[in-house]
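Two complexes are shown next, each including subunit A; its partner changes from subunit B in the first to subunit C in the second.
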Partner chain A sequence: MKSADMRQPVSGRSGWSRQRHPYLMAALVFVVLCVVNAALQQTFLRYEVAISNVAAFLPMALLAVGQTYVILAADIDLSTGAIVSVVNVAVVTIIESMGGTGASMALGLAAGLLLGITCGAINGFCVAVLRLQPIVTTFGTGIVFAGFALWILPQAGRQVPPVIYLTYAGTVLGVPSVIWILAGAIAFAAFVGRTRFYKALRATGGNIQAAYQTGLPVARVRMGAFVISGFFAALAGLALVGETASGDPLIGGALTLPSITAVVLGGTALSGCVGGVAGSILGAFILGLISNVIFFAQLPFEWQGLVQGLIILLALAGGVVMARGKQG
Partner chain B sequence: MPVLEASGIRKRFGGVTALAGADFSLHAGEVHALVGSNGCGKSTLCKIIGGSVAADAGELTLNDKPVTFSGPQDAAAEHIGVFYQDLSLIPKMTVAENIFLGREPTGRAGLVDQPALHQAASAALAGFREVLGDGIDADTTVAALSADQGQMVEILKVLAAQPRIIILDEATAALDRNQVAAVFEHVRSLKAAGCSIIFITHRMDEVFDIADRVTVMRNGATVMTADSDQTTREALVEAMVGELATARGKSARHTPAAEVALQVDGLSSDKLVDVSLQLKRGEILGLGGLHGQGQSELLRVLFGARRMRSGHVRIAGKSFDPRGPRSAMRHAVAYISGDRARYGVMAIRPIFENLVVSLLARERRQIIARRKLEGEIAPIIETLKLKFDSLGAAVSQLSGGNQQKVVIGRWLATRPQVLLLDDPTKGIDIQTKVDLYATLDDLCAQGVSIMLYSSDDEELLAIADRVLVFNAGRIVTELTGEQRTQFELYRAAYDAGHTGLQQAASKQTPAQQTGSHQPGTQQIDAKEAGSKATDSEKIGSKKIDSKKTGEATE
Partner chain C sequence: MEKPSLETLKTFIKRPLSIAVIAILVLLVGGELLSPGFASPRQIVALLTIAALLGVVAAGQNLVILGGREGIDLSVGGVISFGAFLAGNLMQQSDANIIHAVVLVLGATFLIGMVTGLGVTFLRIPPLVMTLGMLGVVQGGLVLLTRGVPSGRAAPLLGKIVSDPVILGLPGIVYIWILVGITLSWVLRRTTFGLNVYAIGTNETAAELAGVPVRRTRVMVFALSGFFSGLTGILLLGYTEYVFIGAGDQYMLPSIIAVVIGGTSLAGGSGGYVGTMAGAVVLILLQNILTTLNIPPFGRQIIFGVTLLGLMLLYGRQRRLRG
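And now, the complex of A and B:
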């Protein structure tokens, strides 16, 4: 059919690989960085080193997973790092002030998760119900959360019972705890990815007006994404309790923007709708590997920031250029 | 007994009154056409019935029970389905995901059953397979679809909810004739099953083809309701505009100068092959032929919005390299697309900014003297009869027709010498069209040269001095003088595409053949031209029919 041949943008179809597998580029960069890292660090492929890398990258990966849902809805959450801080100090404070008993630990962990969810709900309420701009709102709530963290514990310190960090660094049923946590996050994402909620989330990010007209509960969906983000920030805060065994009110502040970078590296579009959690986890690992590579390349300290930034830019540009090339 | 009754519905957006007491009633099992010029409140009324806009005043009753909708989900719960004129599709999601958005089939643990979703979507698509065209299946992303395919998907999405009351707001605007026939066939079967349909269109022949009753709206109020077999086109048009609007006749044309304003030699691009033409000063040159044969592409190449692969362009004798819209603007070339949402208006910005933006870009002014600019655009506002509340209001508050006037005004402000019009009257009411034709006439008299593509063949033939017929990116014929008839246009378009078309014709099902008997002025399409050509008598009857409708609608 002549007229069909002439139909307009057939090229959109060849954006296929980035649409369906937005994390292909991230996977490629990840493999390259693994090779480079292995060349620089002989022990890189050893089991214990691999596990300790996963443990080190885990908080960032968890933050990125939560952030992915918010970004898929075309929103953004700049308060995640602050939620990490407030959960971190709250948990440590609760456990220590209750004497470090088993009950106190259970209560502390539960309270930490609840706190994260509450923070997320506050963000979601402001953005989805009050319809405030997400970028400014979460920047603001982030300052409040960070201030709350400082109020709870003005200085880094306190101790948690050894069983917490021993369990975190150890194994459960022969599998390292960090792997359990990562697997749990992936299972969660796999489950959510098959729900109607997830379709509605992507639709909201893709065209909020159309999603509303379709009758989707747009406000509830956006709210849900912020709650998930708060929940994962709380998990990251708990992971840092396990990692550092103490509280630090400033621990999360520097994590927010890198976690967003991880999401973007993983192929999730800041404009919403396109992307996924798998890419974000890869993105977080890529950021960690870049730090590793720079450390083991024994670059002079003053060069590290520069090189790190350039590698991140390169990885980001690679994804964009690849997508563009496909659409030709 | 009416299934749905709206009475005294009022709605204001800012200072603009969209509805000033509209009354409407819909019977069970009827197709009720809603017509009126753009901005008369049809779409707003539909959005209120669909729950996505809240009325300021008035009452809505369903089966005699008053209802209030707090959102589209409430209307959906009452089995009301809305086809939105601007489509409610998510571009980056697949056809399947869009059709069943919010209604995905679920399996174990309430999770979305992907295979079932795919299957259901494929089944939905299969119902319209013959008219959907190539490059669309359940997994295609909506962004990759053509405009007509997007509309078809929106229709399927509405149907997937199995509504009892269906609102189709310009659902056929981008569809070709076979697609319209297929949709109508479906609408008739829904009607037979007891569904009620509100049908909005700007095409008169569709009203008489499908509607049982018709309601005319003007300035936010319903002014007339009649059985469609008890009324005439003239009566409807008169009710719409308040007076009988007539388009300028061909005879009123002045003769273009001999001077060449734009010369194109051997131009090729991704979709154009060796195009050569001359545009005279003060001439309207029409680009015709089947849908999407390179007409829009040529206009966009000349404006520098699409890449030219080879060829040579001269403007007023001087060589011109269309590298981009900026360089085109510096050569006094302006491009206006009918796809205003995509290429035209900056929806949330004020009308003022939308009017002056091209002027500012052309003259590279950095400092904006508002008073001075307002003075400069005042005559343009006058010429175009642009209606608005305040220059500071967002352009999105205007009706489609007025938005298009803003886009046109923006370019007139730059005093173009060559005006490229890419289907500029798409989805625009008759009154606005008449205003636009008059404006084009004035421009030609002032020596502006115009190149026009229109999906409305009748319009093209009525206002163009010459028509170049395109096929597969080539110019195949030039129609001048007395040759400018629908018959010649069809024949030229058909002859050129002969080989490709026979296949299409053989794919026709008997049902569609019947469907394409309706007289009318729709977009000609390859498939239709194919089926037409199998019977030369039909071509003849078509010519007469369209002449008749031409007199009536314009």
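And now, the complex of A and C:
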């Protein structure tokens, strides 16, 4: 995933360039969709509806956040959906087989996060250290992770104690849990965005050869991006435990490609370097809102897929083309 | 074909095509040892039939990948399903409709590929994104056309052409695949279009300066990918008689893997179709072996993934960065 043209961040007068505001287009589309959605659905702006929308879009947003780091380094991670699945079933299985006690829940959640990080590290090792091509490699590791998910839990089922989904759907200190999680993800991104790691990550995505020659630890940086992606995939898996209160070995499979769409909708370039996490969260929300709008527009069922596909294609094309126009 | 005579044994073995061929032999012998009868002629015919379906999709995928600029076609699965659906509905089990059904399906899928190619070429949308978007549109369109209910059946003659033994006990689909292989290899090596594909895949700017019609060539590789997906849809219909909506999905990522295992670089500009054909056979062989082994599905899946990574390790490694 390396393009010939190097898009080095340019500092200059044009403050509205894509480098400064890669997610401007996403923000515009997001606002338009919110307006359309509010027009179609009277309750859209009500607090509970807004929170339930955030809850519904959260797993995709978390996946997209993790994927962003990988894509900024000009790699790609096709295994995220499989990581979601394996974390989801592992957590549910651990908690249930240990009797659903408080300790089991703590252990289950910790094990889930650790599992996601491990999967990410395996991806990173294969891509950055063994220098295997990322698309095919992460597809391969994804098959393996999905296989382990089926091994742990061959069929959807099992249950977690009510406290988990009640907490997930409820509030902590008066603020809905899903908002805490989203805020946590944003805080994490804000923190990482200030580190030298992040600078090195973007440099690697912009021109890996130059980054290497400058003495940046390119392999470690790419590996770090995959580990973050695995961690966020694990978070998404945990969010789905909270939402569905049970395990499903196939739950993540269909999430991978849409999460990449979300990242691109958010203005992050697949060629690396350009973009950011905020756009990806917007992108995930855009995907969710498009589904909402189509549902509330009361289109006949058979038209929904086509209209959704066309809107997404137009948004993708529009984003890419407008960004280029601004670049000049 | 290059001349192996001048090369040492080591470089010969390191070549992707050699690895694929060695992998085929190892898998065949291994399969025969694990379950006697695995390498029997009947099994091999069955294997080639399945490999032919994958191989024909991979032909289009191969062209797109060779054309470079991060070329990849994620829409093949949707286009295959679309082609199969359209063919089934145009044929309506009547042999008289075969020719116009085939022409219409190949024309329609060629046009779908062309739209993808126009988006990639003129709007400069990255292929991964453009084809992913087109996949959504084609799948949505398919739901609209079918209203969620599969319909349409193959003409009996199509089923015969695809599945019945023609010469040497091999079914027609294998000969169609060989024909695709010979034609594509010839096109890639001996025609201006083929050389242009390599040129734009290696260095687009240089190709442009050398007078290669870069845009036309790029639109064409995507259009041909649509065409080959449509052809696969027709063959799939002939093979299974009727198809469900998601029938083509299973070919999306394997078609890319077959190309990569066959030695075509995802960076574009190097590789060829003969290797891809071997890659398709390797993939199907591997799947068959895992099916005959008496292990649960999850075990098969894990072994398949690990083997894939192992194959990548053999020759999929990228250049070491130099200071």
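Note that the second predicted complex is superposed on the first by the 310 of 328 C-alpha atoms of A that agree within 3 Å, B and C clash if a C-alpha of one lies under 4 Å from a C-alpha of the other, contacts with A are read in each partner's own complex, and residues count from 1 in each chain.
One rule holds for everything that comes next: contacts are C-beta pairs under 8 Å (C-beta built on N, C-alpha and C of every residue); 3 or more make two chains touch, one makes a residue touch a chain.
Please read these numbers as outputs of a predicted model, since none were measured by experiment.
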Checklist entry - Of subunit B and subunit C, which one touches more of subunit A's residues? => result C
Item to check | First, second, both or neither for A:F148, with subunit B first and subunit C second | outcome: second
Next on the checklist: After the superposition on A, what does A:V264 contact: first (subunit B), second (subunit C), both or neither?
Outcome noted: second
Checklist entry - Taking the superposition as given, does A:V87 touch the first partner, subunit B, the second, subunit C, both, or neither? => result neither
Next on the checklist: For A:Y212, using the defined touch cut-off, is the partner it touches subunit B, subunit C, both, or neither? Pick first, second, both or neither.
Outcome noted: both
Next on the checklist: Under the stated touch criterion, which partner chain does A:V307 make contact with: subunit B (first), subunit C (second), both, or neither?
Outcome noted: second
Checklist entry - Touching A:A203 in the superposition: subunit B (first), subunit C (second), both, neither? => result first
Next on the checklist: Show me the subunit A residues, by the header's touch rule, that subunit B contacts in one structure and subunit C contacts in the other.
Outcome noted: 1-4, 209, 212-213
Checklist entry - Okay, in this complex, where on subunit B does subunit A touch? => result 50-52, 71-73, 75-76, 82, 84, 87-93, 97, 101-102, 104, 106, 110-112, 114, 133-135, 140-141, 143-144, 146-147, 149, 157, 176, 271, 290-294, 471-473, 497, 500-501, 503-504, 525-527
Next on the checklist: Quick check: in the complex, which residue numbers of subunit A touch subunit B?
Outcome noted: 1-13, 15, 19, 191, 194-196, 198-200, 202-203, 206-207, 209-217, 273-274
Next on the checklist: Could you list, by residue number, the parts of subunit A that touch subunit C in their complex?
Outcome noted: 1-4, 76, 78, 126, 130-133, 135-137, 139-144, 146-151, 154, 208-209, 212-213, 218, 257, 260-261, 264, 269-271, 301-310, 312-313, 316-317, 320-321, 324
Checklist outcome for this item: Touching subunit A in the complex, subunit C uses residues 69-70, 72, 74, 119, 123-126, 128-130, 132-144, 147-148, 203-205, 253, 256-257, 260, 266-267, 296-302, 304-306, 308-309, 312-313, 316-323
